[in-house]
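Multiple structures follow.
After this come two complexes, each holding subunit A, first together with subunit B and then together with subunit C.
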Partner chain A sequence: MSVVNFIIQNILTQASVTIALIAMLGLILQKKSAGQVISGSLKTMLGFMVLSAGSTIIVGSLTYFGEIFTEGFNMQGIIPSIEAINGQAMNELGLGRDIALTFLAIFVFNIIIARFTRWKYIFLTGQAILWMATMTTVFGYFAGLRGLALILVGGFIGGVFAVAMPAIAQPFVRKITGMDDIALGHFCTVGYVFEAGVAKLFGEKGEKKKSVEDLKLPAQFEFLQDTYLSLMVVMIPLYIVTAAFAGEAFASELSGTTNYLMFAFIQSIQFVVGVYVLLSGVRLLLGEIVPAFRGIAMRLVPNAKPALDCPVLFPYSPNAVIVGFITTTIGSVVAMLVLPAFGLAMILPGMLTAFFAGGTAGIFGNLTGGARGAIIGGVVHGFFITLLPALLVTTFNSMGFVNATATDVDTVTSALLYAWIIGPLLKAL
Partner chain B sequence: MKKVNILFVCGAGLGSSFACQMAAEDVLSKLGVNAKLDHSDISSAISVKPDIIITAQNFRSQFEKFSVDPKQTTIVYLKNIVSKPEIEEKIAPVLKEKGVLV
Partner chain C sequence: MFGFGKKKAKEPKIESTEFVLLTAERKEELQQTISIKKEEINHSTGEQQAKIYEEIGLAFYELGEEDNAIDSFEKSIQAKKSLGTAYKTLLKLYNKKRAEAAQANDEESLQLYLKKMDQMMQVSKEVTRGVF
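Right after this comes the complex of A and B.
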């Protein structure tokens, strides 16, 4: 009995061990050699702990930013970063183990749904599933679910999203790629379809439709494809301007002997360092799990269609990606300024999501509404993907998250499903 | 036989480069090539100095700005980064040139 208790209290409570065991299971099921099983499991564990270290860096920088923002603008500024939410939920709230198990449960439900329905999508974007598992766990926990129920409900909802979202996007993806072999597996699909709808309404129609691919775009924008570079381009002025508004007297208290603007500059880079480290951890973490899942799923589900990360579409419409990124950023800046007037929090532009979600949405908008559709649709898309996370801020604050909210509208939608439907239902029972 | 180092690159080094790596793995095992595969983001890619970099077409102008020694690293651009026929068609000549495929 004491052995069992030891296992439960000391091993399974360690999220890094849980996730390493999941990877080990996947490697054993693929009949890998003992050496490969051991090295794969250890690398997965390393990945998880690198991810946690990245999260600590992000939280440190965000705490500083929160203080100068509140001082400078007299309101709370929220940075939309699903990475920050994930890190805080895993470390500070101690939900790491539940997130790891929900992550596994989403894979399992995905395979079951794809096996027994006509929607044969296998969702292979590991980090998106990790973010989905984070949100269902955090909001399920907040709604009062615990233990097995928390994991199974989260796994089921995540599994449904993992099949439904590629299915919704597929009619568009088929037209973009000109084939039906791959699907889009990225939890921002609600936003893509939304932009496609807006672009169809307001864009060019029929013969007059002009694709943005026929336009010549200035080459200066191409550096934005370098994720960390574009993140720095935004975070540096954001921190420095905020520190300037907070004033030398206040900001110097935080910066010690360093000049307060210099300190803000270093902290802005520190935020990007955190994202870099965290995503390197995710890369290590998923390196063994995703191929295992792919191997198992492809064997169990005949005619499975892999749903892949959004940049798979980028080479088909590179101009639309840039247009989508810029217009989505404009839309999120508009939302940042407008939402506080309606009593919502001020959400700062989240550059990672503006690039990946905005770029993909641009491709959808260009497809249905041409250049005009992509531009109008992009701005509305930027507003839309800022509005939804703004609705979550109060809940996040009451749970103790620091100055951050989620991104990726599909995961936000699943969170709202918990907050507005599942939570009240549980309370009524 | 010599082991060839191949790096798959995308913006964040997470999703699409990894998908491309998994597709290429199937192609390489079909060709019987022994390779070490990894994926990364574009900022880190240059310092790795692999034998071959495989990336999507939309990164071409970015890579052209970097100083990559063509003798050391060959860059392959793909339109559909998960298409096994396209990967095979474009990578086979490079592998022959590197002396790992006859």
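Right after this comes the complex of A and C.
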């Protein structure tokens, strides 16, 4: 009995072990050899530990940033980073095990829904499912759910999103790609459909509709070529300007013997290092689990449409991606400046979200409202995807998250579902 | 919100019109195109090579020789990453192969084509971001 107790209390409480066991299950179900099962499980465990290490680096840098921002601007400055949220939830908040099990539950519910309803979509973007599992777990926990209920409710909601989002996007995707056998699996779909609606309302109509694809645009953004380079382009000036506003006297207290601006510069790079390490961890973590489970899903629902990551649409409308990126960035900056006037936190712009979510949204806007629709819709989209995460800041703060909020709007929508509907319902019962 | 799919079911499927029966003449013409283009490849590089491979791939695709078409499209993207016809047709073919593997319960091919589709997402990201 003492052995069983030891296992339950000391081994299964370790999130890294739970995650490794999930990977092991997937590998065994795939009938892999003993060697492959062991190495795959160990790699998954390593991934979790690397992810945690990345999170610690990010938190260190964000804590510093939070202090200088508050001093410099007298308000809270929030960095939108789903990676930072995931890392803190998994690591600092100790929700790693629940997130891992919810991740597995989302896969299972996705398969069940696709198998037994007419919405036959299998969500293949593993990283996006991890972010969804993070948000349903964090907000489920905040709403008061624990244990199995937390995992099952999160798995069900995540599973519904994994099917509903590709289903909602499909009428547009069909028109964009000219085929019906591939779907869009990216948890920013609420924003895409929102932009399509705005573009339809304010864009060109009928024969006057002029596609952005007919325009000549400069197609290259060199700083976007590398994920980490594009993060640095934003983070370095952000940290240095903030440190300058905080003033030498205050910032020097934090920087010790190092010059306060130099310290801000190093801290901004530290943030990027943290994201780099964390995402390497995520890749290791998902490298074994995702192929195993999506193989199982595709075989159990062989006639399902695979829902792929957003670059699946880029080839069909490359100019709209550029227009979407620029206009979404403009909308995010406007929202950054406007939202604090309404008592919300200042959400700093996230270049990568603006590129991937904004770019894809641009394709939707161009489809329904032509060039004018893509431009107006893009700016409104930028505002929208900044506003939604701003609504979560109070909850994140009260849970002990450091200066970050989520990005992908579908995961934010699921969080708001907990905060506005499930939480109050649980309290009323 | 789930009402979207309903009326769309009536829309004609685009792919169904693609596979028309080839006449013997057209077949011969396509095969001739393939052999001429294969010759041209040896004297070309980079972008031009990618274009020729794309044309060969499209000829194979029309002939219904999917494996050969895949091979040519892959070579086209290898010679120069781009998001043109070669890319779009290749992704479509990968997805078809994936669906066939899923139907046949063939785990190995299923994983192979899922992985190839992942790589296509990467190519799309890179080309759009201007990485060559």
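Here is the rule we go by: the second predicted complex is superposed on the first by the 424 of 429 C-alpha atoms of A that agree within 3 Å, B and C clash if a C-alpha of one lies under 4 Å from a C-alpha of the other, contacts with A are read in each partner's own complex, and residues count from 1 in each chain.
In this section, a contact is a pair of C-beta atoms (placed from the backbone, for glycine too) under 8 Å apart; a residue touches a chain by one contact, two chains touch by 3 or more.
Keep in mind it's a predicted model, so treat the numbers as computed, not measured.
**Q** Given the alignment on subunit A, is it a clash or a fit between subunit B and subunit C?
**A** Aligned on subunit A, subunit B and subunit C clash with each other.
**Q** Return first, second, both or neither, reflecting whether A:V4 touches subunit B, subunit C, both chains, or no partner chain.
**A** neither
**Q** Looking at the overlay, what does A:L286 touch: subunit B (first), subunit C (second), both, or neither?
**A** first
**Q** Using the touch definition from the top, say if A:D180 reaches subunit B (first), subunit C (second), both or neither.
**A** second
**Q** For A:P318, decide between first (touching subunit B), second (touching subunit C), both and neither.
**A** both
**Q** Check whether A:Q30 is in contact with subunit B, with subunit C, with both or with neither, and answer first, second, both or neither.
**A** The second partner, subunit C, only.
**Q** Of the partners subunit B and subunit C, which touch A:L229 in the superposed model: first, second, both, neither?
**A** Touch status of A:L229: first partner only.
**Q** Touch test for A:L124: subunit B only (first), subunit C only (second), both, or neither?
**A** In the superposition, A:L124 touches subunit B and subunit C alike.
**Q** Quick check on the superposed pair: does A:L429 touch subunit B, subunit C, both, or neither? Answer first, second, both or neither.
**A** Touch partners of A:L429: none, neither subunit B nor subunit C.
**Q** Would you check which partner chain A:L308 touches, where first means subunit B only, second means subunit C only, and both and neither mean what they say?
**A** both
**Q** Hey, what residues of subunit A end up touching subunit B and subunit C alike?
**A** 124, 177, 181-182, 219, 222, 225-226, 291, 294, 306, 308-309, 311-312, 314-316, 318, 321, 355
**Q** Any idea which subunit C residues touch subunit A in the complex?
**A** 1-2, 4-5, 8, 11, 13-15, 83-84, 87-88, 91-92, 95-96, 98-99, 102-103, 105, 107, 110-111, 114-115, 117, 120-122, 124-125, 127-131
**Q** Which positions of subunit B touch subunit A when the two form their complex?
**A** Result: residues 10-16, 18-19, 22, 25, 39-43, 56-59, 61-62, 78-83 of subunit B touch subunit A.
**Q** Which residues, counting only subunit A, touch subunit C once they are in their complex?
**A** Where subunit A meets subunit C, its residues are 30, 118-119, 124, 164, 167-168, 170-171, 174, 177-182, 219-222, 224-226, 291, 294-295, 298-299, 302-303, 306, 308-309, 311-312, 314-316, 318, 321, 355, 359.
**Q** Flag every residue of subunit A that touches subunit B in the complex, lowest number first.
**A** The contact residues of subunit A facing subunit B are 124-128, 177, 181-182, 186, 219, 222-223, 225-229, 279, 282-283, 286-287, 290-291, 294, 306, 308-312, 314-316, 318, 321, 352, 355-356.
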